[in-house]
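Below, subunit A partners subunit B and then partners subunit C, in two separate complexes.
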Partner chain A sequence: MKRKMIRSVFMLFMLALFACQTDDAFRGTELEGLPTTDFTLTDQHGQPFTLSEQKGKVVLIFFGFSFCPDVCPLTLSKWKQIEKQLGEQNSEVEFVYITVDPERDTQEKLKTHLAVFSDSFIGLTGTPDDLKTAYAGYGIYREVVKVSEGAAGYLVNHTSRIFVFDRAGNWRLGISNDSSVEDMVHDIRLLLKG
Partner chain B sequence: MRMNEKQVRGRAVARIVQYVVIAAMFTASGCLDQKAGAPAIAVENVWSRAAETMQHSGEHAGHSSAQMQVNGVVYFDLHNRGGSPDRLVAVSSPVCTVAEIHRTVMQDDRMTMRPIKDGVTIPPGAKIEFKPADYHIMLLGLNESLTPGMVFELEFEFELSGKIVTKSTVRTP
Partner chain C sequence: MLTRLTIIAALLLAQLACREVPRPISSEQWQRLGLTRERLRTELGSKYDKAVAPATKAQLQRGAELFGQICGPCHGPRGKADGLSALTLSERPSDLTDPRQANFFSEQARLHIIRQGSPGTAMAAWGAVLSENDIVAVYLYVRSLIEEE
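Presenting the complex of A and B:
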């Protein structure tokens, strides 16, 4: 008797959990009324990429650099998993990586770096002015820091948020870079539906 | 105020007792240290993300090879099964110019990476994870590409445990 009751309470609890999982609320931060800044940059194959021309697709943008050893590759490997989970819906999603290190991230470098993760990821760089437009439009923090005395080179500390645009081309969500793959897939699917 | 002989002697005795107590406490603390035992550090689950150094200098006109240096990273668990704390003070590897202890800090959606100059303390019984977006070892200026499946040597230096040599396995990113 008691066991049965415990079991039904447990079932109810699981149902409630399930309900939460399939809810229609975004797990990322919803942005309302923030203007979407359009920009045109060049992808790793030398083709121009304009944000406003991606309408009809859900667009994810991450600002990073290929010499970044820790967080940027972590984001790209999450994207790779998202791609897998989306399956066929993947053709309706654009994964865009904009460099914060145009000095070293040449088209060639972006091409080899992104190919390690996925051939469908888009890597963008551009003229200092065009990049500035994109950085400014999304409030990108970017700071060049020297590494140790013994080694040459530098690192770039930067904004780690993922920017998400809906099919209409509006900037809709900000997803924290440490969100789980499941949460990101959830939000992308929700945007694809609506 | 004048003291009689008895009072003077009493004070002297009190002082001796005080010294004895302090000395005993020192000895006791020494005993406690010994009881706690030495640290016992294990470096486990060591891996690195694949990283490609650039060999074709022609592609990068205007950049010295030093500017174009590629960095690698190492992740692992530090497990202290001993009875007292120890501290990771340095790491080195033949695959890079310099290895540094770093920590990535995410604050307000900003990613910043900081060298940890004072090292990382591992309390007794604790396991400290060096993992993506947290503590990690940066391999600055790789001498060679880290290709998936490759295994390379790392030397860890601890304050008390001394040097521990281990190997890192390169995984696909």
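Presenting the complex of A and C:
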């Protein structure tokens, strides 16, 4: 009798647990009340990109650099998979990559680097002041780390979260680059619905 | 007893089946590697087949340090193309310990690939970051991984 009761309570608990995980909940971190910092940078084709002019689309932003050996190619690879999984919906999403290494990531470098992953990814660079606006607006950490001799012998430690903006241009989610492709697609689809 | 053995065997098989296995190199990728080899033969000329001197202990240590930091995330901690990034990149990084791939290029060609990267892939031109001494150190460490196999 006691065992039956324990089993029943356990099953009720598990049911309640699964019931709380609705498909309408974001899997990334939902943000409330954080201001969206607008910025204007230059894309890999030399065209201006202003965040506030992207309303109507869901925008993902990642801060990285072309010589990044780990989190950046990993994130870009995941984005490529996301783009594929979204299918036709990918025209309503923008994947934006802002360099934290403007000295080496010229427009041409961004163009060839991102083309390895997708022709539709947007790579942004800009003047030090314009980049500073974007970095400061999203609390981006950047630290140059010397790895080899010579002026260019460095890598850059940097914030590696993905910033997600809804169609109204509001900063809505923060997603870890560890998140699965499925979780990111899930959250993007929720934002596309809304 | 038989039931227990069956369960253990099934669990082992399931584990093997679920293990991530690096994707094999496609024929298109081999073709591209072939074109790269021809380009490097032309670029390097008579230097193409020049051997690289044996490594010193200091070079291997330095190479290991840089390899772990820069190469490992894609090529894997022991160069077996099983780095975290390797599993998601659409074109698989080279398994640096695979004799077919290791012997496909000359030593000077492999050094040159580290320097200038592999256009159209995620392999960066590390010559823009690493000094020539460091590039040689990384190469010598990679060579030692092949020699260990």
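The rule is simple: the second predicted complex is superposed on the first by the 167 of 194 C-alpha atoms of A that agree within 3 Å, B and C clash if a C-alpha of one lies under 4 Å from a C-alpha of the other, contacts with A are read in each partner's own complex, and residues count from 1 in each chain.
In this text, contacts are C-beta pairs under 8 Å (C-beta built on N, C-alpha and C of every residue); 3 or more make two chains touch, one makes a residue touch a chain.
For clarity, every value in this text was computed on a predicted model and none was experimentally measured.
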item: Partner chain(s) touched by A:155 [first = subunit B, second = subunit C, both, neither]; value: both
item: Residues of subunit A touched, compared between subunit B and subunit C (which is higher); value: B
item: Which superposed partner A:104 touches (first subunit B, second subunit C, both, neither); value: both
item: Partner chain(s) touched by A:81 [first = subunit B, second = subunit C, both, neither]; value: second
item: Partner chain in contact with A:174 - subunit B first, subunit C second, else both or neither; value: first
item: Subunit B versus subunit C as contact partner of A:141, first or second or both or neither; value: first
item: Partner chain(s) touched by A:70 [first = subunit B, second = subunit C, both, neither]; value: both
item: Partner chain in contact with A:47 - subunit B first, subunit C second, else both or neither; value: neither
item: Subunit C-contacting residues of subunit A that also contact subunit B; value: 67, 69-70, 73-74, 77, 104, 112, 116-117, 147-148, 150, 152-153, 155
item: Subunit C residues touching subunit A - in the complex, by the definition given at the top; value: 66, 69-74, 84-85, 88-90, 119-122, 124, 126, 128-131, 133-134
item: Residue ranges of subunit B touching subunit A (in the complex, touch as defined); value: 49-52, 54, 59-60, 63-64, 66-73, 96-98, 100, 102, 104, 106, 109-113, 115, 132-133, 136, 138-141, 172-173
item: Partner subunit B, residues of subunit A touching it in the complex; value: 67, 69-71, 73-74, 76-77, 103-104, 106, 108-109, 112-113, 116-117, 141, 143, 145, 147-148, 150-153, 155, 157-161, 174, 176-178
item: Parts of subunit A lying in touch with subunit C, wherever the complex brings them together; value: 66-67, 69-70, 73-74, 77-78, 80-81, 104, 112, 116-117, 147-150, 152-155
